[in-house]
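Note that the chains are named A, B and C in the order they appear, and that numbering of residues resets to 1 at the start of each chain.
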Amino acid sequence: MDGFTLENPVFRIYVIAASLAVLKMIAHAFLVVQRMLEANGGFLNPEDLRRTISNPEPRPDQLAPNDHVERARRMQRNEGENTPPFLAAGLLFVAASPPVAAAAVLMYGYVAMRVLHAIAYLTERDHEVRATFFTLGALCTASMATYALYVAVTR
Amino acid sequence: MDGFTLENPVFRIYVIAASLAVLKMIAHAFLVVQRMLEANGGFLNPEDLRRTISNPEPRPDQLAPNDHVERARRMQRNEGENTPPFLAAGLLFVAASPPVAAAAVLMYGYVAMRVLHAIAYLTERDHEVRATFFTLGALCTASMATYALYVAVTR
Amino acid sequence: MDGFTLENPVFRIYVIAASLAVLKMIAHAFLVVQRMLEANGGFLNPEDLRRTISNPEPRPDQLAPNDHVERARRMQRNEGENTPPFLAAGLLFVAASPPVAAAAVLMYGYVAMRVLHAIAYLTERDHEVRATFFTLGALCTASMATYALYVAVTR
């Protein structure tokens, strides 16, 4: 039983994993905002130096790169490089009617790897830790796309 | 009545809103191109300094960041952070068979907020204006993903 | 005959083209990783300068921008600006039940243009070559979104 309905357990897993991935991506945008507020800096636009309600005492160095903010931006960028292809690959995987267990491992696996990647990034773990979680997440996406490609070509 | 067909009014709203969001994202890429032509600079690659038909008089400072171009690039980057999760969240929302009115508000609402965000960015409005439209757009996306997650988990 | 199943030839073309586009996007991430290993530099995070198994002799200049790595990053960024809207536009196009030939031209055309764009970028061709492939790829995406918009609005 396949198809894009919640009666299909593979699609249901996709909806759960993809919703979490979307919410995580939005959360990254708000982490950048939160850190700009905390640092009162790391802004990007000249107009952000105007005296306004949220910036009562503007200073030129508010436009300088701020380490605290830049880390959140790098995390957001990394998410933006990984999550859109996952969202598409998951949908393509559903169309290829894979075993439910494979969908659960690869889709929940991707989300879990990205949560661990974010924790490693936030807590400034060694590069190898971050790279491992990034690589495992990317392999989940690549596996799903490869399977969908194989099924569509050989069908 | 649900499903991914144009007979489903929720999906039809999604196709209209998502098409507009895709076209806006492509338009941002061309805005960057247009501004590089206007500024005759803001290029990124060393090879762009070669003497060619479109660059008859190359100058080294064509690789320097150009404010006019950088603004368009920041707008494009912001769109790239927001629109892919919207495109996915909208599809997930369709799968959750929401009320038609909710789909219309959240999907057309997202597109409207992003158009207003772009106008605020182009016309260099105060940070608060831009931030308001960004936040409202991101909340549309987050609401749809949260609803889809809830429906898929409790189904 | 339409719908999101592999029995629909338009959807089958989409699954093949979208899988390839996803795999190319993932490949770009690994090209950045490979070039960081080759250059032993171009890192982004202060913690990447720790002495670890993969970085036995850290040097401060490993955080400096590295041309070899930066080219791969610009390619990845360009892919991230173009492929997510393509993945969405293709799906919207399927929903609009276009002629099979149109789907084949626009979907395989997008993938072909992006492969040629990557070759032009890697081999540092003149700007005009890169710009041509970028533009043709973006027009594939825009055409599909415009058609889907038209069909959904007039249905």
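One rule holds in what follows: a residue touches a chain if its C-beta (ideal position, glycine included) is under 8 Å from a C-beta of that chain, and two chains touch if they have at least 3 such contacts.
Here the structure is a predicted model, which is why all the values come from computation and not from measurement.
Trainee: What is the size of the turn, to the nearest 5°, that moves the C-alpha atoms of subunit A onto the matching ones in subunit B?
Mentor: The two chains, subunit A and subunit B, differ by a rotation of 120 degrees.
Trainee: Does the subunit A and subunit C pair touch with the same residues on each side or with different residues, judged by whether over half of the numbers are shared?
Mentor: different
Trainee: Centroid from C-alpha atoms only, then distance subunit A to subunit C, rounded to Å. What do you get?
Mentor: About 17 Å, centre to centre.
Trainee: Could you pull out the residues of subunit A that touch at least 2 other chains?
Mentor: Correct list: 4, 80, 84, 91.
Trainee: In their shared complex, at which residues does subunit C touch subunit A?
Mentor: Of all residues in subunit C, those touching subunit A are 4-6, 11-12, 15-16, 18-23, 25-26, 29-30, 33, 43-48, 50, 52-55, 76, 80, 83-84, 87, 91.
Trainee: Across the complex, what residues on subunit B touch subunit A?
Mentor: Spelled out, the residues of subunit B in touch with subunit A are 2-4, 67, 71, 74, 80-82, 84-85, 88-89, 91-92, 95-96, 121, 124-128, 130-131, 134, 138, 141-142, 145-146, 148-149, 151-153, 155.
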